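Each of the next two complexes has chain A plus one other chain: chain B in the first, chain C in the second.
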Partner chain A sequence: MIDFASIISQTLFATSILIVAALGLAIIFGMMGVINLAHGALITVGAYVAYAVTNAGLSIWAAFLVAPVVVALVGLVMERTVINRLYDRPVDTLLATWGFALVIQELIKVIFGTSAQSVPNPYSAPVEIMGANLPQYRIFLTALAAGLLVVTYVTFKYTDFGVKSRAVIQNDEMAGLLGTDVRSIYMWTFMIGAGLAGLAGAAVAPIVGADPRTGLGYLVQSFFVVIVGGTGQLLAGTLGGSGLIGGSAAALSFVSSQTFAQTVVFALAIVVIRLKPEGLFGGT
Partner chain B sequence: MTALTGCLGGGGGGSSGPVRVGVLSPLSGAWTVYGEAHRRGFELAMQEVNDNGGINGRDVEVIVEDTQTDPSTVTEKAQKVIRQDNVDVVAGTFSSASRNAAAPVVTQEDKVLLYPTFYEGQDQENFPGTCNDLLFMFGIVPSQQAAPWMDYMTSEHGSNFYMVGSDYVWPRFTNQRVKQSLEELGGNVVGEEYIPLGTSDFGSVLSRISNSDADIVFGTLTGTDTIAFAKQFYSRGLNEEFTYWTVDDEEFATQGKGPQAARGTYVSFDYFQTIDTDLNNQFVDKVKSQYGEDAGMDTVGAAMYNAGHMFANAANEVGSVNTDDIISGLEGQSFTGPQGEVTMREQDHQMVLPSYLVQVPDDWSDTNDFEGMFEIVDQKESVTPATANCDFPLGKGN
Partner chain C sequence: MSYIDRTKVAFGDASGSTKVILTGAVIGFLLPAVLSPYFAFLAAQYYLFALLALSLGLLWGYVGILSFGQAAFFGLGAYIMAWSFQYMFVPGINPAYVALVLAPLVNGAIAGVLGLFLFYSDVKDVYFVIITLALSVILEQLAVSVTSIFGGFNGIYLPRMAVSIPGVFNYQLSNDRLFYYVTLLALVGGYLVCRRIVRSDFGETLLAIKENEARTKSLGYNTARYKTLVFMVAGALAGVAGALYATLAQFVSPPVTGFVLSTEVVIWVAVGGRGLLLGAITGGILINAASTVLSSLVADRYILILGLIFIAVVVAFRKGVVGYVADRYDWGEKL
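Let's turn to the complex of A and B:
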């Protein structure tokens, strides 16, 4: 007999991991309009940073600081060399970022080899809450997801940088004329998105490991989250999209097989996009 | 006549010049890690064959092709090595799907395929292509891998099984056979689930396992899924409550799980790098000196190594590399491989192999330590596989 606490907690866990995974894409694709197919590869780099850091004898918590920085730097290289030339050609970003994804994936194989690597879990025993055994790390991830979501939202909604960033993305010519450093705003926004992907990689590594394809699964799911939630809707879109794609699949899989649950959820996503192409929370 | 066609064919394939072997390995894509061991095992065998005078005095040339973990690429590459490179024999392919993609090609071109992977066993009814004179199976099947240990596992740990597998053919067929032996032993299947490949979140499955009265969780998850599952199994504390036995997690998968999540897990196969015999130690040393200290071996690599040697021995015995001669040479061929004595059964081309039950010890801590990764619990020197579910004689391309 499955208890209610299990269903609630697993739904929450599945939603929160997708929030963490999709947040970087919600910025780069949702806000900036760059169809970032390298999002998965950036998550993978984050996972490998976690591996390198823990393998060097440091704590996984150190990886939470190092991974976003390293991956933001990868983002910097991407943005400065190629992406900044393509802001007015969004469809071309698709090819360019896929190219980056392939290069990154192969570089990882050259540096770390092809086999999967293990990243240890900082917690051992689960805690019992209302009769359900809950893994502590997943509880931490839920808190992390909530924290990241709020911090990112506040940053883009209320800070000086956030306002400039949104202004540049909406109309870079006008923003430039008003004295905003368009180049630097684009660059920093892209780096923040990439850094969040890196953090996601480090965050998922203790529960899925690190291998050259770790991020690929999250790439597809993240795009679904952003599109279903509504592009440009950082808070509500990411939350709603993650809930629909991750959370409902987890909840459904308690009453059906996992295969069936995933099929139903993706069918549901298609229905949402058909009826509301701008996403659950998108639009005017 | 043979020599003439060989010349017309562009230099290879005849009775002069090198013997050519086409190796189809997944060197990119999801199964890359197995592909590396795969290729190493075969190349190593061929080097040893060449050092000992080659095949009928001719050197062996290995042509490696990357199948990109994609069955349609397998078809293309199989055609390429046979038609363009004029190979005498084809070795490799990894998954059942990729083997099934190569089978029609070798049948059409009348070439032998040496298949190295642990798999579900030949079956005329469900996979007509697998009952084929041209296919030789060097990997272990469920009747050798799981059945011999059912007695031990049920008496040591209990007879309620919870089966978790990836959603494709190998897990389903393996579980079917395990269920048969479980029934004979009076055990029960208290849960059976198949998870789509590429799943990274196992929350609901783990909740169901946690609430079940299973004694043993029997795993046939593969790829990165088996790693994610083990890590989440551990973080839920389920390793304290249940015995976990997997028939997938060879050296590379266990490396990916890491000591924390892998400790205490049972695994069974025909080969483990930890097997402490002179032959295996030599084999492992050669792999390391050739491919680097961190290069590992697993059941698939060892099977490719055996396949290479047994093909060469067969061709030397019959004095030819013609397809029909290789078939008759390989049938009944015995060899002492890194895992011990092995024999290619004549009737269905299925290897008679040893079987090992191992467990990940508590003191394993370095993920690159492949020797310390497993501790042998028990071993059986020679396990005869269940007779393939085929019509006999096999015939080419049934």
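Let's turn to the complex of A and C:
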């Protein structure tokens, strides 16, 4: 039995989750050009922070504050030790971040063990909207996605830091000559991207729990979101990419198995990349 | 190049590298005599992984195509071997032979179609990486969920292959030491084929594409065609490796196609030495051997160690183990 309201809510929800998951990558990969294959691992760390915080008796809302900070610090370590040497070697950023992904995943296993952990859901009760029963947490996630998207966009578009950041990414030599502290801008931009990945982990944890491979599932999807949407297109790209990758998979899964839906969407994404490599919203 | 030059290039001029390769082959030939059958089984596995690494080494080192989906071809080859035993495509003919012909053909065809689709529209670098990664994820998902064909998580069991000449003899290679020689032969054969390719005029063009594709194109070369052809060869090689792996392990399950193996191969090649065929082979053997030893000492922590080594190689030792040794002893470039 397929009802229209649940299709819309599922699609909207899948899109929102992907927006939250992909936003950090849209900054680190889409804007900075660092092919961050550790993005999934950073999301996993966020999910585990949520587990640790709630397990310590604190509320999940505390995790929403702690997770981005912790993961931004992980990002800081990555950026300072390795990534800052590789800004002109994109393929090597890809390899090195994959190395980090392995290391992070193994460290998680050392600290938390290999079994999956569950994280309490703050809004488990459903709420009725237009005749459909929707879990409250989904509505919260949709609002979170919209909020994050707008705040991130405004930050990079209009604030002093955002303008400097885009200037450094576009031409770091020139920006440096004009007196911008290139090193610290790169560092902060990377940390913001990592922090968003951490927040994403905490946000999905109440739904999917935390296990060492939690983030891996979002890795390929996030890359597709950023590439299909168009690298560097923070607002339109992330929104459109998430809608296409997450939304269409959710819509398709009503008429077929989830695996099949995912396969079709990946194939679709590959075709889009082939026909429009600059992304749907890229290339002005 | 004259014919004589070509011969010289093909057979080397007894430089350091040739000695090393010969030494390696002799050691490989003698090894089973001194070590247990179980070791022969492990070593046979390493050689097949090394063959998989070689296929990536050819792609990455000589054309600059980094694929994160090479295990998909390996896995497909493995399943083709399993299906060949299951369904006996050609009655009366040794199913392993059928699979060893089918695997490279099917893989070559699939790689050809992908190449036509991707290289001809100039999909490269990170886009190619993500697409190949996705393909490998898709294939693994299919292998897990389409249980009627792939057997799902439970996988498919198959027997060890036999060497046979119809009407003359039929000998099942249940002895691991004997199978070891099959894999050694496959690895050496694969290496010679790749070396032949990189040392030909065709290989020169590949290197030119790696250095500067736009310039090579403007000199009149159809670079997409070259890339597609090499992608086909690499797919075929990985397919043979996978097919042999299936009948060695006598079991195939979704992880052989998957994402994890695909990314591990990249690490083997990078640590061994991207840019050198021997680097890929060495990386494939060394890291797998090391992980066997380390995992008995530190359990799963070896992945942690491997990850750290990999990061160090990427940042500071880009040429990899063999790359530095080859430089040091002046072994030449096309190893």
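In this text, the second predicted complex is superposed on the first by the 284 of 284 C-alpha atoms of A that agree within 3 Å, B and C clash if a C-alpha of one lies under 4 Å from a C-alpha of the other, contacts with A are read in each partner's own complex, and residues count from 1 in each chain.
Note that a contact is a pair of C-beta atoms (placed from the backbone, for glycine too) under 8 Å apart; a residue touches a chain by one contact, two chains touch by 3 or more.
Because the structure is predicted, anything quoted here is derived from the model rather than measured.
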item: Clash-or-fit label for the pair chain B, chain C on chain A; value: clash
item: First, second, both or neither for A:Ala56, with chain B first and chain C second; value: neither
item: Partner chain in contact with A:Arg274 - chain B first, chain C second, else both or neither; value: second
item: Contacts of A:Ser6 with chain B and chain C, given as first, second, both or neither; value: first
item: Chain B versus chain C as contact partner of A:Lys109, first or second or both or neither; value: both
item: Touching partner for A:Tyr123 - first (chain B), second (chain C), both, neither; value: first
item: First, second, both or neither for A:Gln262, with chain B first and chain C second; value: both
item: Touching partner for A:Pro90 - first (chain B), second (chain C), both, neither; value: second
item: Which of chain B and chain C A:Tyr137 touches, first, second, both or neither; value: first
item: Clash-bearing segment of chain B relative to chain C, given 39-47, 57-65 or 93-101; value: 93-101
item: Touching both chain B and chain C, residues of chain A; value: 109, 257, 259, 262
item: Residues of chain A touching chain C in the complex; value: 35, 82, 85-86, 90-92, 94-96, 98-103, 105-107, 109-110, 216, 220, 223-224, 227, 257, 259-260, 262-263, 266-267, 269-270, 273-275, 277
item: Contacting residues of chain B [partner chain A, same complex]; value: 30, 32-33, 35-36, 167, 193-196, 198-201, 203-205, 207-208, 210-211, 224, 227-228, 231-232, 234-237, 252-253, 255-261, 294, 296, 367
item: Complex contact set, residues of chain C against chain A; value: 66, 117-118, 121-123, 125-127, 129-131, 133-135, 137-138, 141-142, 144-145, 259, 263, 266-267, 270, 300-301, 303-304, 306-308, 310-311, 314-315, 318
item: Residues of chain A defined as touching chain B within the complex; value: 1-3, 6-7, 9-10, 13-14, 17, 109, 113-121, 123-126, 132-138, 204, 206-209, 211-214, 217-218, 246, 250, 253-254, 257-259, 262
